[in-house]
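Next come the structures, one after another.
Here chain A shows up in two complexes: once beside chain B, once beside chain C.
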Partner chain A sequence: MRRCEAGEAFENNTLKTLSGTMREAVKKTFRYAASFLLIVTLNFAIPRLMPGDPVKNLIGEDVYVSEAAMEQLRAEMGLNRPLYEQFTAYIGDLLRFDLGYSYHLHSPVAEVLRDRIAWTLLFVGVSVLLGAVLGTLLGAYAGWKPETKANRLICCGFIALSCTPPYFLALLCLDFFAFELGLFPFKGYYDVPTPGSVIHHMFLPVTVMALFSASRNFLIMRGSVIQEKGHLYAIYARAKGLYDISILFRHVIKNASLPIITLLALDFGFLFSGALFTEIIFSLNGMGTLIYDAIIGKDYPVLQGSFLVIALAVLLANMLADLLYAVADPRVRRPTS
Partner chain B sequence: MNTLLEVKDLVVSFHGNETENKNEDKNESVTAVSCLSFSIREKETLALVGESGCGKSVVAHAIMRLLPQESRVKGVIKFRGKNLLEMNEKEMAKLRGKEISIIFQNPSLALNPVYSIGHQLAEPFKIHGQEKRRAAEERKEEKRKEKRKEKGKKKEKENTILSKIVEALKRVGFSNPHEYMGYYPSWCSGGMNQRFLITASTILDPFLLIADEPSKGLDRDRVSELENELKNLKEMNENALLLISHDLGFVRRLADRVAVMYAGEIIEIAGPSSLFESPHHPYTRGLLNSLPENGFVPIPGSSPPLSSLPAGCRFHPRCPIKEKRCMQEHPELKENNGRAVRCFLWP
Partner chain C sequence: MKHRKSFTGPELKKELKRCFIYSVLLIIFCSNICLAEAVGTEDSDENLKASNGGFFDRIIAYIKGLLGLEEKVQSSEAETAGMQQSAGTEETVLKIATPNVIKSESMMGDYYMGIFSHLSNPPLMKMDSEGHLVGQLAESYDVSENNTCWTFYIKDDLYWSDGEKVTPEDVEFSIRYYGEKSPSAGWINETLESSSVSGDNNSVTFKFNKPYTRINLEFATYMIMPKHIWGSIEKPLEYTSKGPYVGCGPYYLKLVDLNAGKLVYEKNPYWKGKSPEPKTVEIHFYSSVDVATLALENGEADTYYKYASSYPYTGIEQLEKTGNFDFIEKTDIGLIFLAPNLKKAPLTDKEFREALAYAINYEELVNLETLGYGRVPNRGFVPPTMENFKETEKLEYNPEKAREILEKAGYSDSNGNGILEGKDRKDIKLKILIRPDYARTGELLEEYLEQVGLDSELRSVDADTWYTLKDNYEYDLTVTRTTPWGMLMHASWGSGYFDSRRTGQGVMHNLDDPEFLQLCDDILATTDPEELEGYSSELQDYYAENLPGIPLYWNKVVTPYNRQFEGWYTDPLKGIYNIETFLNIHKV
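Presenting the complex of A and B:
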């Protein structure tokens, strides 16, 4: 009898949650679409809010060009039209997957981005991954035994790291390891395109970004473990006969690392922006230097394209985090049968 | 019958943050359990009853050595001839879950929310390497043999664990255990989780099972179900049970002996029938009178805070028949005819 009731209850629940998940999915899709639209609008507006004239910049301040020639150039680039016309043209191009043509680099923006983004993705991806593993493990251990001297020291170190801007850390590293000690090259991704050379060149920037990412993960994980280890299931794990650190690894760590999923999605965007500065300092030929040059040269299409791609990456990371939660935490899903 | 667990002069005190209270003269410490002594024989059920906050759960956690670090435990807890308080954490971990198990009062919180029921039920087997020893021996033998066979054996072992879990779940009333093994605690009701927790705690057939307020927060149907499950368990496995509860009716039907606690000490121990029919200690009498079926008469006042206990008999401020010496001297627990009472007014 009891079993029957339980079964019925579950059937009802699944029916209810089925429509619930549908509604939830619609809501989420709407939210993502709305934020995408906002991103596109801002992408268009922000470069145009910058002071300066792209045409003058393109020609150069010192060169004298007649007003008529400048007008002609402006008309060629479509900059003489009113803003709303430019905007509709931009949206129309986007719908045809056309990101425009770079004023300075004289090639389609999509092509330029394709060349550059792989390197930045490699750089950011490796850093996020290393930072996540390092920060989570060290943070978990520091939270498990927060009173030991070593863990207090590590904690102080990571707090200091998380307060240091990554570009500053990058400058320090560059000065010490590359300039003083001469262990690493100053700039670029490689001398010859071999894996060894790439690793040698990437070591310092990846270390800086990974440490920065690790410091954020460390602090979240440490607090999370301290909170989780007081829960009854952790005490029950001990009552089952688990010894010390195995309670952390078998029971606490999975619960405690749930907030890390959110942080990773946020970090992905945060690191992207941080990576731009680091790239400039290490003269890495990625998105960072591209955006930097585009800002200096008022290259609107390049700016719009790169911002769009980065925003999309962050949006995707957030969507992935949403999906990951459903996989990692059974409390946000229901029995499927 | 042999004594399985003997607790002698158990004192549990909690120390507050000592550095913070420097300006106070007294060291902030609360004695939750003072000079507690009792024993459990093999296959016996001893119930520990009393109001909330009298130290029942502290006793349970002290036996399992699960108390937080700021606690101090003194005395002797002898389990199968070994003093548990002298063991180090590693030795203790080997006992926990295998020889002594505990059922906590909140089953939905005691189970880990992110692991499936099946995973959590298989865990005791994995922790207490029943297969580890065997595997080590087998590995020696099979070193010359093919590797494929070893893999087959591993699978076989997993299958025996699985069948044991299925059997245990069927015993507590799940007709389709395979389905429930894929479930998570948050998908199940409190009563179901309770049964999962009992299964997890008893699956290795411990000598002693401690049930810490298992009936708390359950409705009446579930309590009678739980009662049947505990009864079945006892009949089937013949393990001893330390039942901690404030549900007197529940205790009466299950226990072989009942110990009544008040303000951190035992004030009466007797068999359930003699205790419930002729309670000796005035507190026990008051407790029984406060039951709905006995007229709902509450004991006047409330139990004293453990940080400032009254002098003399700890119950004297609320006692209706107190005498002068009750306020000055602390009575000892006196044994007489198989029952013990801590009161001057009973010989």
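Presenting the complex of A and C:
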């Protein structure tokens, strides 16, 4: 009888947990869907709120074009239509996976993005990954033993790096390693499209970006580990006789890495928006310069397409971060009662 | 309490072992460097110089060796010894650094690619060093008396890089193609009535529906394209390709590589004219001017080119120190000017503008903005390098005189607050609209106006807001610039910037004085050089007297070039980037 009651209670609890999880999942799906719709609307609105006329911009400064010709061009670009019509056309195109046609780059936006994203992922993606690994490991170690001279020195170095504007850091590295020492080239992804040339060209920009990314991760991880190592579970682990390395990498780092997961999710957006200043210094054809040029040239389709990709990437990264949070921290998995 | 570290037997052994290993590694490293240097000296005399350097140099050379950059080491040393990498070999490569970044692989769609491609697809006409328009692909041209019919006689020895002959049909096709397909050349479509070609005298005739006197200038900007290639391309602006593109100039465009940041031009194998010396011309584009200047200093390029702009004045001294560069200095036909809003009081008052002209310290502007690479302009606006320049009175800084003119014209400070009042008895407060490029000039202007009792408000805005406010005449004064093409457009001599009948992003279109408009129409109605000279003189006098724009300084275009090359040629429209340069350039 008692066993039967216990079984019922267990079933009830399981059902409650399941329905709670479902409710959470539905809530989250609704939240992401609403965010996506808002993003799509803002993507359309923001470029059009900027001052300036895309048609005049396309024509140039010193060219005289009659009003009739300007109107014809405006009609060809669909900019003479009322805003709501432009919006419905934009949504219609999106549903057909058509991101439009760039006014200035004379190519379908999807093609332009595909080319730029591939290179940006190579450049920023590698930097973010390296920065995450380097920053997390060094930060964890520095947080575990903050009093050692080496860690203090590393800490000072990373603080200095995180305070240095990336533009200046990139220019400094270029000046020293490319100009003074002549070890690296000044620009581009390659001279000839071979892996060797790409690695040679990418080394400096990736290093700069990785250092910059590592400095942020380092400082956050260090602070987080310092906080975590004072908790009872860490002291208990030591009392149990575990080695320092085991306590740090098996127990502390798991809890300390929660802020890093958030930061990585934010970096994911950065991954797709490129690193404008570093791209400018190293003359790299990436997403950063693409968006910058599109803003200057009022290239609405490119702006809409780029913003959409970035927004989707950030949404996806946030979803992943939610999942990783649940893996790293069991408290997140428990549904709120 | 500190404990002194003391080594016990096994620890001491361990430390000694470690020291030994480090010493051996260090010795291997140093001997490697020395060996590498020794081998290098056998291979090349150039490396002797490197090996004579300090130990640090050797380490760098060694690292470069490890990275497989030996060739670059040698070339880098050669660069410092006179940049012989581009000048001392049989197959010379001319490298040009530019901040004019190509954004799309579209020859007709990308603005800067179009400019650079004048090397491979030259226009019919060109400008010589004196600013005269002469034939390029055209041997000569005729124009009918009523200026509606233009006939261009095409040179007979021109061939496309695929071996086909350049025909008048190609020229006719190109001009019509631009008119139909390019929005900025829409005027061709609107005014071209008919066109015909003649095989007998290799000519092409364009008949316009109204007199058109500036065709020779307009046709100095449109590339000539091969009909047999582009005829099948329905949307040329959207046509993108990495190359090769068929061209009829001394070079053809072999490769466009945006990810490497370069355009590569190779010699046209069918070019029958004077043979150019460089086998290859490479245009390397840099997103940052600072990096472009560093690359130049480092010998990565032989010259620097930015359309309608100079090499940064701040970088000239540094480049001079390398000892590898000389400089061409030419006064630009574009200029920086103060544009008063001619549709709004008190700027509608000629006396007020006259006083403004005396309130500005031109010497200071020249020193601060051009670092001495400029000069105080004349009232006649037009710079001396422009065809039919007329010497008018030089602008003068005289704040006392400015104040005197203002008071005489009825602008007085009756309430004694130090600010002059307008004719409506209210304090004058001028709104100065400034683009980020001219922020410092704006601040200086604010000071100059204050000195003569004029209050002002500086409004710094981005380029797009500037266009909008300027087109809505929501300003009193603004600072802007003219480009070489801008000075030539419309009725030339900068008239296109003022004529109220025109529109455009860079133009002020605020002058509707019938005298000025008539002058423009007169210029537009003639092709006679003598008449044009007379009208240009009248126009410059008009500028000097009425000051619709107050020039702030005439600046120089400074172009650095590798001393190993000579034969550089400049024209007012495109600077050094013209076919004459590429045909004449040779190693010293």
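The criterion applied here is as follows: the second predicted complex is superposed on the first by the 312 of 337 C-alpha atoms of A that agree within 3 Å, B and C clash if a C-alpha of one lies under 4 Å from a C-alpha of the other, contacts with A are read in each partner's own complex, and residues count from 1 in each chain.
In the analysis below, a residue touches a chain if its C-beta (ideal position, glycine included) is under 8 Å from a C-beta of that chain, and two chains touch if they have at least 3 such contacts.
The structure displayed is predicted, hence computed values, not measured ones.
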Scan A:L266 for contacts with chain B and chain C and give back first, second, both or neither. neither
So, A:L130: does it touch chain B (first), chain C (second), both, or neither? neither
Thinking of the overlay built on chain A, is A:R331 touched by chain B (first), by chain C (second), by both, or by neither? first
For A:R238, decide between first (touching chain B), second (touching chain C), both and neither. first
Partner chain(s) touched by A:I154 [first = chain B, second = chain C, both, neither]: neither
Regarding the shared-chain residue A:H251, is it in contact with chain B (first), chain C (second), both, or neither? first
Winner by number of chain A residues touched, once chain B and chain C are compared: C
On the A-aligned overlay, A:L122 touches which partner chain: chain B = first, chain C = second, or both, or neither? neither
Under the stated contact criterion, what part of chain A meets chain B in this complex? 2-3, 6, 10, 231-233, 235-244, 250-251, 254-255, 258, 328-331, 334-335, 337
Parts of chain B lying in touch with chain A, wherever the complex brings them together: 64, 66, 89-90, 93-98, 101-102, 104, 106, 109-116, 123-124, 127-128, 173-176, 179, 182-184, 186-187, 189, 192, 197, 200-201
Under the stated contact criterion, what part of chain C meets chain A in this complex? 60, 63-64, 67-69, 72-73, 76, 101, 103-104, 106, 109-111, 183-184, 186-187, 190, 237-240, 258-262, 284-288, 290-291, 294-295, 297-298, 300, 462-465, 467-468, 483, 485-486, 489-490, 496, 502-507
Chain A to chain C touching residues, read off their complex: 50-53, 56-67, 69, 72-73, 104-107, 119, 171, 174-175, 178-179, 181-183, 186-193, 196, 200, 279-285, 289, 293, 296, 298
